[in-house]
């Protein structure tokens, strides 16, 4: 009698990859276990999953959002403790941090992939205008000025109406170089730094300057608009996450290039946001825990890492074992891990546990800054006061 | 046996008292006709009998059963509504058949009864139409047909013939009379038509302002009206009312004489007047005389009579056809 | 020959207004449908252009039809929608009749009680509903959806229908009572046919949210065999990648059945149903 | 007044009323009322130290006492009110006018117009959101070019991205989508007016507008009442359109936040924010009370006073 | 001047031809009455004149204007509907006043006209009520009131008095006659009531099956009916039709004799028959004789006559009151 494992996921984009590549590979190696990938729309995922878990109708395998969302599920007893899963050993502490308890004692999801931020550009346009990849903020603006002066291309494909674009692709993308990545992030958690500090305000100021280089009416430009602007060759630079790679390569009929976030001054250390994004865990109430663990071990294996990373260029497996990537652009992104310091988005760990939610506040104010509705200083002050309204450093450490 | 008994039935709409204590007994198989001025409460009374309206007070018995709390469907009645109330979405045939189907009558029987009613009402060719595609008279006939196919023991008719033409009216009237005889059904019938009332009724009930003025056989009411109201209401054209002193009738304040009891002469008579208007109806002629002493007097003579308006004419009444009323309008028994 | 009751300027004005509004109503729909047949580049380069040889593309439809079992999804949506609709109309009309026809204690309160449901989004009760369905083993059955949609549609249906039922002539119902019709027969044979336009209207309003709903199919019946069209189409709306061709195609396809149902119901919108009933 | 005779027999128990009500009441109570009210009940609880605890009205105190919550709530309430006002002022009059024109029996192509105008209503929010964003997008040029064609290019602005304009724009999109509903309801109501009454009005010299305002409108007032209350309820529950076009944060800067979006964000959570069932229920309870007051006013004060005419 | 002219007006509903080429001229100030069996097309013709229904063919002139395409409101007419068609949401007063308000009549004038109409129709105490709170007759009066307050030049009345009681009916009839005289308005009137038709009309139009059978003054139709249909339709009870050979009238297949022209004797007469039914109407009496040769014969005698049913009676006709019809039913001119 075969057991069937159902995977809950928000990655409905990955449906074909699961159905055509991953599941067949697993099933071939593990007769007797059948797997069904059952994704739902990302906007509905958390709510739907919570309801199903509570009512007891959720699938066996659960795709984990990073940090608090999954931590809460674990604490409520919906996610099984996977600390003793053999495959977990394949991951570094950093990789596991997104799905571990605050003290790191228990891990409840197998890390699957991270995404890296940076900028993707139209290499043909750069060649045409004789531009080089910028490395410093000044160079970056010089490049934008040049594109703007030429007039053929919109310099920067970004809009403010879908707020997360401003935060993730803007503030969190360029910011680590100012707040020194992990160091700044930890200082924030420890209460030693504030959003009103210079290193946190400056990136907002930079973001504010982007407005003039964005397209006409960028205040109403949505994220898909931005994507399309770029892939249709109408915009030259796209502040990006690595997940764009597959789509852009499929859609753009020009050569693509990528550069990491520019540094404030020549010679500064470069930082990238290398954000742990997807994990996968086990429904604590599954009827088939054995099969589920078998499956999760496979997900933790390098076989899976290689299959997955190559099937989804731009989602980088978190497994400690190196993975060879076929995609040049993906390789470009992943190569920054060597030259730059990695960090995760500063709002994800611990700081978004209260209301107002820091991540949401970041979205809102970053987009206000980008659209020109708010000054960077005001935005920073608002973010900080929102955080202070509920957070005291150390409140979650016991 | 009594078919229907009303005991002190009253009805008020909001603050308006519409019926003031109606007492009435209808015997089995009787044909009772309600007449009375528009708005006097005839339809309301009929609706109370049917159970469509709750009486504000009093008791309604059908057969020997107190039916105040019995739903209409259980009262064993059929009713023709003054407003027809046809089922607009059903064909003529289905309008008639619905009640029978409901009662589980076999299809063949339904077919037969509907066929009979529709041919009697000349509706055969309209059986497939819906009410909206019928003329006013046709609708009325459908409403009648719907009631008669059910052959209940108590029929309630609210002005069923008012939109029919003379010929059809006479036919339908005769059919209703026949139905009444054959089914020995009890019928309660509202009409404004004098001829209908006089020819159909075993008993006429004259209502006025929510009260019964008189109950009696048609000729009783015609010959012995209880009061001026009944005297004036029964008979058309209306009875002439003249101040008593003008003709010196002792004891009475008013005397009445029916237009058909006046004879007209060009030479002499009881009242002299100028002919102001003459109506030729073919079979008879109405003459309107303007008299000095008693105002307008109507005379009705048989056949065609020709006088030029303006002519001075004389009207005389046979003494045995004079009615005498006291100051309250009550009839004074013949001297 | 010109008709007496329609004056030319008035007719022209009427058509002008309607035509203008029709353009406003249909223009965006036109944009959707036209673009469903174009390749991605053409959608954004010239959103208004008709597809031509170069830009014509069925890629969206191909994606849709190749993904999942769309025929089955359609069938599921159809079953759920029609079954819920029947329940809503039947139960709703019955309750509305009781509320509008009879005076009984607590009539208005009952009306209010039955209207409570339109005041809170039913989604908030999801967990309890799901628990109920899990307990009764109805998860991943169309029955679960039908039950939820019936409950969801009832308040509105009762609210609207009771209003319309009040306009049915009393004499007519009374004629039925005298004809010996039971209250049930009066409801089914007389009142229901006469409120047909209202029933059709309610049917349309009820059907749309059911057809377009994403949430309950996702929660209650996400299984492959019970998936609805909308849920199936939702597959194409990803987190980051948006396959607009496929979305447009799937959603344009999903309009067709509702449109057909709408057309069926709107035939019931006929004038003069009550004409000829009373004098 | 005659109160002499009590009805002598009591009427038989009217079981049919119960039978008519039963199926609806049962399904509705089991699947809607019980789950919903058990949810609303959560507004009296909160998690204190990992324990679900009864806290009385504390959540409401937070909602109205905490400046952040209060600001969000009042902002959403005001936006909602504005959203509702636009629907009442734009959607319903347009619906009424269209229905009135369509109800003219001698008009040709009525079925076509009716269907065409109703089509937006049957579209899913996903399509509506997509297509209007496409049309109004400054990038792809549909709206700007069309305005250009009539020389009004200068009027164009990226409305959906502007704090001042976004809510009104979305309200108008919603109007566009839902005009079919008042139109259909009014149309159905107009159909039930007997032809003869309209004919009598024509004989009396009432045609066109005066006929509509003096004859038809008074006769369909109850339906207008229904539409107003449905608009009210619908608007105060609205959320999908905002959700698909502006996201759960109802941007820009919460300018399109409605009670519905606030509720969903709070109740189900959003991105890193965890769903807060207790605060969510608190907001839902407030929404419920607001709508309940509106509906009660309608049911007890307006509906009973509206005259209905039987045809 | 002509007030109304119809030229070959036809009307079909779907496949059913309801009017077959109606030609008619109505002079200014004339009072024209349409009579005919139920469903013969009277209301339809009235509605075509009013402009509520489009003629399928033919021309309608009001005054000298071709009005086929003129909207009803612009035709300068008022109409009383057979189905009343009151505005259910307006009080009695407003029902009457609406048309005037619409025409911009000054308030005082409206007040006066409504007051006059309502007192003439005994509606004074109901002015504030709505139609639903009125009795059938009261509704009908409101409908009449609504038409007359507008004082148009052409009135169309569709059975305006059918629900009124005798007294009120006579009054209203006289009021309409007065109105007609005073306003010198043209009136087209549909009725089923013989008395109304005979007394009000300048000209009666007899319709049958969508065709005009005869047009003429009331006494013309009574005395010189063009054919059997008209002869039978005008006069109530209906004319007796007897096979011609039984009485040996040369050339005619059928002879007709009106009930009121038969005299009854117990001894001898033209036709012998058994009395099967007797109707007492007060002023006159209808006797139904079953004859061997000619079937049922109706006789109407003035006053009260008493005979026991079953009695053998004899009926005789004066020769000058005999009508002769040929095989097609056409009247043969008097010999």
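Letters A, B, C, D and E mark the chains as written, and numbering starts fresh at 1 in each.
Definition applied: a residue touches a chain if its C-beta (ideal position, glycine included) is under 8 Å from a C-beta of that chain, and two chains touch if they have at least 3 such contacts.
By chain, with names taken from UniProt: B, E = ATP-binding cassette domain-containing protein; C = Carbohydrate ABC transporter permease; D = Sugar ABC transporter permease.
Just so it is clear, the structure is predicted and the values come from calculations on it, not from any experiment.
Asker: Could you tell me which chains make contact with chain B and chain D both?
Answerer: C, E
Asker: In contact with chain A and with chain D at once: which chains are those? Just list them.
Answerer: Common neighbours, chain A/chain D: C.
Asker: Degrees of rotation, nearest 5, to put the Cα trace of chain B on chain E?
Answerer: 180
Asker: Which two chains have the greatest number of C-beta pairs in contact?
Answerer: Top of the contact-pair ranking: C-D.
Asker: Going by C-alpha centroids, which chain is farthest from chain B? Tell me that one.
Answerer: Of all chains, A has its centre farthest from that of chain B.
Asker: Express in whole angstrom the distance between the two chain centres, defined as the mean CA positions of chain A and chain B.
Answerer: That pair's centroid distance is 92 Å.
Asker: For chain C and chain E, what's the span in angstrom between their mean Cα positions?
Answerer: Each chain reduced to its C-alpha mean, chain C and chain E end up 53 Å apart.
Asker: Nearest whole angstrom, what separates the Cα centre of chain B from the Cα centre of chain E?
Answerer: 20
Asker: Measuring from the mean C-alpha position of chain C to the mean C-alpha position of chain D, what distance in angstrom results?
Answerer: Each chain's C-alpha centroid was found; their separation is 16 Å.
Asker: Give me the residues of chain C that touch two or more other chains.
Answerer: 3, 5, 44, 126-127, 169, 182, 234, 237, 244, 272-275, 277-279
Asker: Residues touching two or more other chains, restricted to chain D: which are they?
Answerer: Answer for chain D, listing residues that touch two or more other chains: 140, 194, 196, 202, 207, 309-311.
Asker: Please set out, as single numbers or ranges, the residues of chain A touching at least two other chains.
Answerer: Residues 47.
Asker: For chain E, which residues count as touching chain D in their complex?
Answerer: For chain E paired with chain D, touching residues are 47, 50-52, 71-73, 77-79, 81, 83-90, 98-99, 102-103, 132, 146, 150.
Asker: Flag every residue of chain E that touches chain B in the complex, lowest number first.
Answerer: Listed in rising order, the residues are 13, 35-39, 42-44, 82-83, 133-138, 140-141, 158-159, 162-170, 192-195, 198-199, 218-219, 222-223, 232-238, 258-260, 279-284, 286, 300, 302-304.
Asker: For the complex, give me every residue of chain D touching chain E.
Answerer: By the definition above, chain D touches chain E via 194, 196-197, 199-207, 210, 214-215, 218-219, 307, 309-311.
Asker: Write out the stretch or stretches of chain C touching chain B in their complex.
Answerer: 169, 171-172, 174-182, 185, 189-190, 193-194, 272-279
Asker: If you look only at chain A, which of its residues touch chain D in the complex?
Answerer: By the definition above, chain A touches chain D via 43, 46-47, 50, 67-69, 72, 159-164, 215-222, 225, 229, 347-348, 352-353, 355-360, 363-364, 367-368, 371, 373-374, 386, 389.
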